[in-house]
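Take a look at the following structure, please.
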């Protein structure tokens, strides 16, 4: 199954559209997936950090996965974050995702408990043994505290615990070391701003939260970078870097970085007419109307208007 | 209900005994609670960090709370950690705890999502409004990343969001500032090593993980400190500081700090004959036999042998 | 010589008064020392962090030490910070201080170079061997990055490298561990806010930057705490905690914490008529007039007006 | 003068060779400089972090600069680190460097005093006004704590405070943002492992500590990257990444990272016959003989044997 995944290309970590009552807005999620598939993405990633996974309860997660598997209908691989603080809960999430038809689950280091590297490895081994679905390692120290260092990733690969890596460490030197040590491992970067560089260095693909807003841009960027067209990839990257400034529009004295970034992604996708509502899960605070207008203006400048029906 | 809580004294954060299959060992938990009540503790705290809350699934949490409420039978307040990364899940835990008969729930800042202070406050307000049970604020930045600063605690108290504070920040200066600003707030320290000082400074009580092992010691210490007997409290504190070295017996090059400390608490309570098994939840790695013998020797030196039947 | 030091009591880390050209204002420094001696302090500490040592050049340091040794005239021990990033420079500072008549030098871990614990120990050994003057270990991780952990301090004491400790770590648990392990070591706390607690736990003395402003307060506090009068010490501590809020008057969005705290100390001592000018060394930015008025008001509230001639 | 600098290309931060007494070994330094010039470097940087600047006293710094200016004799620009914790001392170092004939000084944020961004800017302005020599901004948060963020760098450039940037932040995303915002600024990376990427992104040059050992390699890499030959630059980068593993040969349980890296650079340059002795300044501890043999073996594998006379 791992082989058949052939994880590569643009795999956006999709936001989770919510309705006024806070429940998952499945119709919006279907439209978002359709928007992504039409743009040519090579996979989708549900229940990731951009999907507010840490703020979703079990029922919400189930609806997201069911909806996504149904809408994608086998067109591309469906990845699902089995993100939780402890081994037992992660196994539960992973089994459910597998039962619902996901192709792989994405697993972080344990958190809250400040694990030793050997405990991180033990975590992945226990999940692998019990989950019945391939695992993708997810390195995101800003959220979980611990690193998946190159040494840990190498141990996970050598023991067949994971079939791929999603790197959101922000440590491009460590990512490059992994690419050197493990050239066979499909390694994807979570960086919005180094997608071109990562692919040129050997990354199999990119998992950009900003891909929610402009999947076509990342598909073009990936295509150019994979084809060795450095200048075209860089030009696309520079344009997307400008778009990425939507994540810093929110006033950091008022709301957190996560709220500002995820709120901007959702606002932009809503402004483009893809999802119905930009609301995020509590306790994330919303953007102001003025901030949303600023995002709309930036989208307009970049020609990313509402989709035509 | 908040008034009737009158939270004070020694409120140990109980470990969660597990059976060979990883399920909660309810019989051991009952013996542990009986052991604590016999020692004269003034409350019990289930599903805290010492209770491995971040590693328990929903079913395990339910068994712990049901068992505890039944065994305590109203003798002292039962506190339950409603610990999770997001608001919606915390509300779910809190409602369940209230339904099962807990007296209050203990709530941390959200985690994984790096919240702004206003988002932390919004989290507590949303949980308060939906939970139907009093909240105790739980400041534990080593686990969740964010601080409950004195400013945040003051806002929570002024808006009637919390009825007490458990401080595990390690920041005694901040704790003292809270005591100065909010003399009416029952504030309990999670520090094993400054229990005497905290009470002398005005803390309402102590929540020491080490209380699992020697509740009588902390009851004596609290009594002495509350009575103004500085020398007696210090002597007891010094003895307990020596006992606390069981948490550093495990080789940190092999297992994490959390595994070493919680494993030591469980090993010691098992060696004393209170619970049946010292195992911890995955991914925490176990202590070695040699390490457990070292703990046994230290218990022997301090006269903390097995309980007589 | 170490024995004859008998370091104890209140040893304020004196600010370095500056003239309009940035040179040391020796006349103000003499008045400040006289003010301290009249208040009954048990020692003085020049060229510490409160003395802006990291911003003084070699010439300024020389003037400070010469002036202080002359003005103190043997009345109490004179400590001098031999603070620098590397071993060779620290030896140079230490030798000069000894030649000029200081009684001991205060030495931090090396900085800029991220030393290993063994390198920290080697640093102290090399300075001890070359300096010809007793060393006091100075733990101030907020400034230098590295900690002097209890293990390191124990090694320094066992190898006769230091005769005392100044603890500005903010880690009261570590400080208490040192007091337990090394009851013979004169250990002084740099905490303004835990002076009473530290002395009750066994600290030999206190080194409060706020002592520049109200040395009589700390002398009273120390006397009460050393005599076991917990209530009197706590009352004095609470009053000094209120005075300490002068360090947070400056707007942190405009100037740094160091500038705000040292600027407040100097402003208060100037307002009390002890030194002529509140200016700090570049690049520290000054307090505003409004901030200084706020400090003046707080001094007035606490009855700390200008000295009578 | 700033224009005439035209800083670009490979500008290695040279190690400071020391004799048995710890004094600067000027003859070795001359050979090292000759070795670098023969390899085609485009500048040299003395008294940087790789030059152990934080461990050198004033006399040693003087010898280093005098020797370097004399040996370079105008062939390439000579940069000198005016590195110190405070403004007044940095001005002193900068003036001396200018007097001795350096072309520019390299200046970090102040340290020890935890400066506010405005204080960092004020520091650069004060040094610029007093130094009489162009400044290069040096972002090295691992050593000094504070960051030179893109915002700060932009302010420094807009106010003509600096003529170039040396980025050792490890934050390639921030570096890329600076390149986007300030395309006219000569920005050099201190990264040994992303030299190719940095140049492809627009960096004017590279300042690799590893350039001490293999300047020809970095000159080839820079040439290829600047010419747009991505594959050739990457191949050279991969070879240099292998060479860079000499910095992790030293056992980190025994000596610090700085000691291990600088000791490896010096050992390798000594093994190549360029300098006479690999010793570092106290308190840095030396590599073991076995570690040095391991470095020798790695040099041999890569064909970097002793120079022929």
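All chains are identified by letter, namely A, B, C and D, in their written order; residue positions are counted from 1 within each chain.
The definition used in the following text is that a residue touches a chain if its C-beta (ideal position, glycine included) is under 8 Å from a C-beta of that chain, and two chains touch if they have at least 3 such contacts.
These figures come from a predicted structure and were not determined experimentally.
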{"item": "Touch-network distance, subunit A to subunit C, counted in steps", "value": "2"}
{"item": "Chain pair repeating A-B, as identified from A-D, C-D or B-C when over half of the contact pairs by residue number coincide", "value": "C-D"}
{"item": "Per Cα centroids, the chain farthest from subunit A", "value": "C"}
{"item": "Rotation angle superposing subunit B onto its copy subunit C by C-alpha atoms, nearest 5 degrees", "value": "180"}
{"item": "Separation of mean Cα positions, subunit D and subunit A [Å, integer]", "value": "37"}
{"item": "Euclidean distance of C-alpha centroids - subunit B vs subunit D, Å", "value": "50"}
{"item": "Residues within subunit D bordering two or more other chains", "value": "none"}
{"item": "Of all residues in subunit B, those that touch subunit C in their complex", "value": "170-173, 176-177, 180, 191, 193-194, 197, 200-201, 228, 230, 234, 238, 241"}
{"item": "Residues of subunit A that touch subunit B when the two form their complex", "value": "22, 49, 52, 54-58, 60, 83, 85-89, 92, 110-116, 118-120, 122-123, 126, 142-145, 252, 254-259, 281-285"}
